[in-house]
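Each chain gets a letter, A, B, C, D and E, in the order it is written, and its residues are counted from 1.
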Amino acid sequence: MYTETVFLSATTTPFSYFPIVLQLIAALGFVGITMLATHFLGPKRKTSDKLINFESGIEQKGNARQPVAIKYFLTAILFVLFDVEVIFFYPYAVNFRELGWEGFMAVLMFVGFFLCGFIYITKKGALKWED
Amino acid sequence: MTLLSIDWFFIIEKVLLISGVLVLSLVVAMYSTWGERKVAAWIQDRFGPNRAGFMGLLQPLADGGKLFFKEEIIPSTSNRFLFILGPSIAMLVACMTSAVIPWGDTLVIAGRPVSLQIADVNIGILFIFGVVSMGVYGIMIGGWASNNKFSLLASVRAASQIISYELPMGLALIALLMLTGSLSLKDIVEQQRHGLWNVVYQPLGFFIFLICAFAECNRAPFDLPEAENELNGGYHLEYSSMKLGFFLFAEYINMFISSALIATMYFGGYAFPWMDSLGLDPNIVTILGFLALFIKTLFFIFFFMWVRWTVPRFRYDQLMRLGWKIMIPLALFNMLITGALILARQQ
Amino acid sequence: MNALISTALSGVVLMFVGLFVRNKQHIKFYAIAAILIAFIANLAQYPAVEHGGYIMYGMIEVTKFGVLFNAVALGAALLYFLLSGSEFEKVGEHVADYFALVFFILSGIMLAASFSNLLMLFLAIEIMSIPQYILAGADKKSLKSNEASLKYFLMGSFSTGILLMGITLIYGAAGTFEISGLGLGAESVHPLALCGIILMVFALSFKVSAVPFHFWTPDVYDGSPTVFTSFMSTVVKAGGFIAFLRMFHTSFAGGNISEHWTLILSIITAVTLILGNFSAVFQQSVKRMLAYSSIAQAGFMLFAVVAMNNMGAQGIILYSAAYSIATIGVFAVLMKLKDYTFEGFNGLAKKEPLLAAAVAVFLFSLAGIPVTAGFFAKYFVLSAAIQHGHILWLVIIAVLCAAISVYYYFRVIIAMYFKQGEPEVEPVSGGFKAALILAVLLVLALGLFPNLLLCWM
Amino acid sequence: MLTVLLILIPFIAGLIAFGLKGSGPKVLGMISSLATVVIAIGTWCTFRTTPDSLNFVANWIPQLGSQFRVGLDGMGVMLCLLTAIASLLVFITIYNRNYEKANAFYGLMLLSQAGLTGVFTAFDALQFYIFWELALIPVYFLCSFWGGEKRIAVTFKFFVYTFLGSLLMLVGIIYIYFQTPDHSFSFASFTGANLNPEDQKWLFWLFFVAFAIKMPVFPFHTWQPDTYEQSPTPVTMILSGVMVKMGLFGVIRWLLPVIPQGAAMWSDVAIVLCIIGIVYASCIAMVQNDLKRLIAYSSIAHIGLMCAAIFANNEQSLQGVLVQMFNHGINIIGLWIIVEVIQNRLGVKNLDQMGGMAQKAPRMAIFLVIISLANIGLPLTNGFIGEFLMFSGLFQYNHWFMAFAGLGIILSAVYTLGMIQKVIFGQGNELTETTTDLQPGETLALSLVVIMVLVLGVYPKPMLDLVSGTSEVVSKLF
Amino acid sequence: MPVQYYIFLSIALFCIGVMGVLMRRNAIIIFMCIELMLNAVNLLMVSFSKMWADAGRVDAGSAQLFVFFIMVVAAAEVAVGLAIITMVYRNTHSVDINILNRLKN
């Protein structure tokens, strides 16, 4: 039914990820130490004026955390969708030589649907940033 | 030397390598700031930094020191924890990407093969992809935690931009993956060592990847998140001292890693022409390979700077249109063409 | 398979139709045409499966039963479009998208009637569910609609998580996803499989809103735009049941495994019946009453799953048809009214005798009065349970609950016929009346001759 | 075919009546009921010569083993005749009344007649069930629309009661269906089903409750007085004259032959319930001031006696029951016609407000006396022969039961005579002063009733012959 | 590592997710908990796949494909869910699900 994937047959052991853990520890250490160092090294002369937000010298009005344009959300949502569609290409790309033209046709169909969705959102104006 | 069934030489070797790579990234990043100014000056027919040390070579150290000794300000209305977390994540992510890049072939030290790659995992490209995606959190959290309208807007912009360009980037990588059949960067380099560089097979893929790399690093002409004339300086507007430094540094490290990655994936990595027919000691060849990679990387860093001081900044709608309406279809097309050509040749 | 492809493609086409057709009122006709095509495509494959189905790629099994169920679902959807198609325009501006989503739901339902692999079950359930989350929130400005959407979404994805855990555990025990090859219960029951089955019972109960997993239903059905409630509580619910039935009858019926879930499911059924009916009694809004009654009807449909016999399978087809037609009809009339409370129906018989008569027939059908389709639907599920033999106590509960259900269904009839009032009714078109009469005739025809449907089994 | 016509004529007439205006429905109803009476008499004649020709079978739902299977035995002929006569009487009585939405009223009346006939002719259990429900729906609408003040709640109670009962019966039917050897709903298969005594033990109750609610038997009777009181009187005539016979019919046709052991097991309990009902209803009737409720309770008592007699388990009592089913139907319809007349004239139903009607309406008084006496079961009236047979059957079964049931008869005499006294004798008041006597239509209807009362009282043989076959068969099966 | 470890880990994650859904009131957090449940399932699926592959079943890769489908469907859910939450937030300025019960009256 399925073709066995390369992911399954690969022989990497969890151990080959060990150096990555080491690097993570090192990076964490570096970041942490630097953060601490800068905390202690700098001068501390705080005034209330200094601690308010800088908004081009204009007095701050209201909370900054207001809903931003819906476009940004839309982009994020579309990204999630298209990104996982891209995920489907990965197993195909690994196996596509064995799958041959038949598999290529299937992927062509998949890309067709992908493009359908793409054209749809374009036509709907989801990607229209210029107003 | 094995103790408690742990190979301690392996640990030592890796620790040394990691330190080396991290130091290298930091140093390259530091001198990129110097380089950038010099390149800008050269392009604009100026001198650039020339006071601190010979040709201003000590300038980056002075800048770094200054950042350390600046006062650390956390705005009272911001979220303290997230405010610190933002730059930390940015830096952490920048430091992690280098883990799977093969900086060179294997050295043989005292009869023991020492790989110049920190971790050769079979999903190398996916790892980079995953770690780079995390970078957006640093910017997003930093911008949101500042509780500043400009920062928030900048960070949202940055996030949108980064995720938008991740799609064509992923698709370009898929085309590359079809070509190589492996996600391991080591394998990719080894294939190029014995054949042509991938850029020959994947010119379009390279081009797409390059543009996406620009956008991912928030480099000009896509440096919208820090567009100073629109946003007062962008998502790190409220930052000072080393936290600001982290954001800036992370950007330069990312640039370095991107250049190394482009060199690795499309330009043979540590491979250079006729490296196997020189008849030299393998260790020498390895070191030469490392130098080759380094030179390629430096070239791309220079290229990044060159573009920055040559091409004007995009408008945001242009940026998004380029990403979604041009790059994605182009990348899909590239992928399909690659697949079709390979299949056609196979028969 | 034809029908599945054609509905899915129709969905895509309708999405694009919305981009190119300027007059929103025409979209309805495209949708009706598309569903007619799907209906015919579905019937066209009947001869091929008349003497046994076939499996495609180990994923989808085309059977006579599935084709028949698809015909019922598509027929009900056709009726739904005919009756309520014009209501879509009142919900919002994205009319074509709503239709497209309905088509996607339909393709999910078709998948649910023909999956032969757990992967397809999962996809079917999700294809059915996700568009519903959107439809529930289609009225973007209404807080109730927002609430419905959010609640439905959270509960729906939660139950998806549980379903997936169930599937995974079953896979862990069986090593395959093919429902005919799970081979559970041949020997002793693997504990993983047992947990998996129980989780699946829970998850699917969520999807078909069986008590105690029903709490989202009334709010969601109440809050959603009425035109979508009508669809969600009928055809889609039937789709959930068909998935339930197919899964449990194919994979979990054999050997000593059925005893492990039969009791749980019987208890769920009993509680569903009792709670659904009693809660419906206390509702003031007809829309909400129908929501609770759909829970109660779910209890009846669960009989078919518990009973695990041919009678139950037939029953669920008939029940789906009877319940869907009747409920869609009641909703269609409800949408023409301004006031959704029982008082809103007062005196409808005087003002709109045809509408009132049609609603009365539909309500008779829902209550299971003979000569309407609902009677044979109930008859079949009761028969299935009696044939099963060990759940007679459940049958008695069901009968008592059916008597209770008469109470709230007849409240509407009483309001329409025996109470004075001036209901505010939108003017109805001739086409609407014709469709309503068609629905009434269908209900009566199935009530007199259920073999019109069953002779295809 | 005749049998099918019996159902079809009122059914089609009913549907047509919905579409008619003015006096059309009235005329149509009259024609249809006359036709059914004629056909019913025709079936009687056919039954004496070629009973098999009354059976009719058509394919219906072959997958379920259910067929459209109608037929008539002696009991069926008699009840169909009763149904036809009852509806004729009703239509004659109300010919001069004007009902709101007359077309719907007549349509529903005719439909209920069709449903009732269907019940009495069904030889297929599923079909029996369907007709059983169908007879109910029009009656529900009739009562709810044209009834008294509290009609909606009361009728609803009635509906839910009977619906619940019939659903239980449905469960029983389905259960037996699965036990039949050929998986069929036909009467023959049902009687041939191999039901073990354990099953029969509880199956009995599924059926009995359904029938008991319909009859009604104590403690399932609570819907009945309210419904009789609130319903429009023509509907009450159908309800008490014919519809309660459905319960008795069900016991005789389906319960006894299909679940004989169950019936035998529980017959004592059933009889005790019936007798409690008789005594209880009689006592309440004695203190009842409302005319309609009084007759309603008297009906409970009479039906209780019939039900007890059925379970008394011998041919004599069964024959008595069968005859009494017809006679009680005639008598009680007669009583209701008079109630209808009184209510029409006075507008009240309270006994205290009546009196002295004998002077103002002598013809009505005479009819009332005759019919009341028949209702008590005085010799030479039609009520006598049935009650006599039932009592003797009950006596054979158990002396004590007979004694208590006999108490009911005595009480019945007490309250009936009391009612006569209060209604027609004594002092008149300003309300009764204005009373007019019977109109021609009412006179005709009551005359028909009284003729039947007297003829059957003096010469009951044809009726006994008609039903003897049934009682013989059933008592053997039992 | 034995497969039991993975099973326990995934079940633990799954239970955390379930508890989160049942106890938290913030729609976003509930949503994240649901995602946690799905990912627990993914993890378990992959470990079972490995388990069956080790046991010699050739079609054990199908479980990994299943994971892909779960991811895709989860993404679709994320898209819809985020849209819904955004919509609710814009109308009520809150993502607390308790506010929903207030809407009812």
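In this text, a contact is a pair of C-beta atoms (placed from the backbone, for glycine too) under 8 Å apart; a residue touches a chain by one contact, two chains touch by 3 or more.
The structure displayed is predicted, hence computed values, not measured ones.
Undergrad: Listed by label, which chains are in contact with chain D and with chain E?
TA: Neighbours common to chain D and chain E are C.
Undergrad: Remove chain A from consideration and name each group of chains that's still held together by touch.
TA: In the absence of chain A, as far as touching goes, the chains form B | C, D, E.
Undergrad: Once the contact rule is applied, which chains count as partners of both chain B and chain D?
TA: Chains in contact with chain B as well as chain D: not a single one.
Undergrad: Counting C-beta pairs in contact, which chain pair has more, A-B or A-C?
TA: Greater number of contacting C-beta pairs: A-B.
Undergrad: When the mean CA coordinate of each chain is compared with the mean CA coordinate of the whole protein, which chain is closest?
TA: Answer for the innermost chain: C.
Undergrad: Going by average Cα coordinates, which chain is farthest removed from chain D?
TA: It is B whose centre lies farthest from that of chain D.
Undergrad: Calculate how many whole Å lie between the centre of chain A and the centre of chain C, each centre taken as the average of the chain's C-alpha atoms.
TA: Computed from C-alpha means, the inter-chain centre distance equals 39 Å.
Undergrad: So how far apart, in whole Å, are chain B and chain C when each is placed at the average of its C-alpha atoms?
TA: Taking the mean C-alpha position of each chain, the two centres sit 54 Å apart.
Undergrad: Could you grab the centroid distance between chain C and chain E? Build each centroid from C-alpha atoms only and quote it in angstrom.
TA: 26
Undergrad: Between chain C and chain D, what is the gap in Å from one C-alpha centre to the other?
TA: Here the centre of chain D sits 42 Å away from the centre of chain C.
Undergrad: Counting only residues that touch at least two other chains, what does the list for chain E look like?
TA: Within chain E, the residues that touch at least two other chains are 59-60, 62, 65, 76, 83.
Undergrad: For chain A, which residues are shared contacts with two or more other chains?
TA: Residues 1, 76, 83 of chain A each touch two or more of the other chains.
Undergrad: For chain D, write out the residues touching at least two other chains, lowest number first.
TA: Correct list: empty.
Undergrad: Just spell out which pairs of chains touch, all of them.
TA: A-B, A-C, A-E, C-D, C-E
Undergrad: What residues on chain E touch chain A, complex-wise?
TA: 1, 49-50, 53, 58-62, 64-65, 68, 71-72, 74-76, 78-79, 82-83, 86, 89-90
Undergrad: Okay, in this complex, where on chain C does chain A touch?
TA: These residues of chain C touch chain A: 12, 15-16, 19, 57-58.
Undergrad: Report the residues of chain A in contact with chain E in the complex, numbered from low to high.
TA: These residues of chain A touch chain E: 1-5, 7-8, 14, 67, 70, 73, 76-78, 80-81, 83-85, 87-88, 91.
Undergrad: Help me check something: in the complex, which residues belonging to chain A touch chain C?
TA: 1, 113, 116, 119-120, 123-124
Undergrad: Using the touch definition up top, name the residues of chain C that touch chain E in the complex.
TA: 118-119, 122-123, 126, 130, 133-134, 137, 140-141, 143-144, 146-147, 149-151, 153-154, 157-158, 160-162, 164-165, 167-169, 171-172, 175-177, 219
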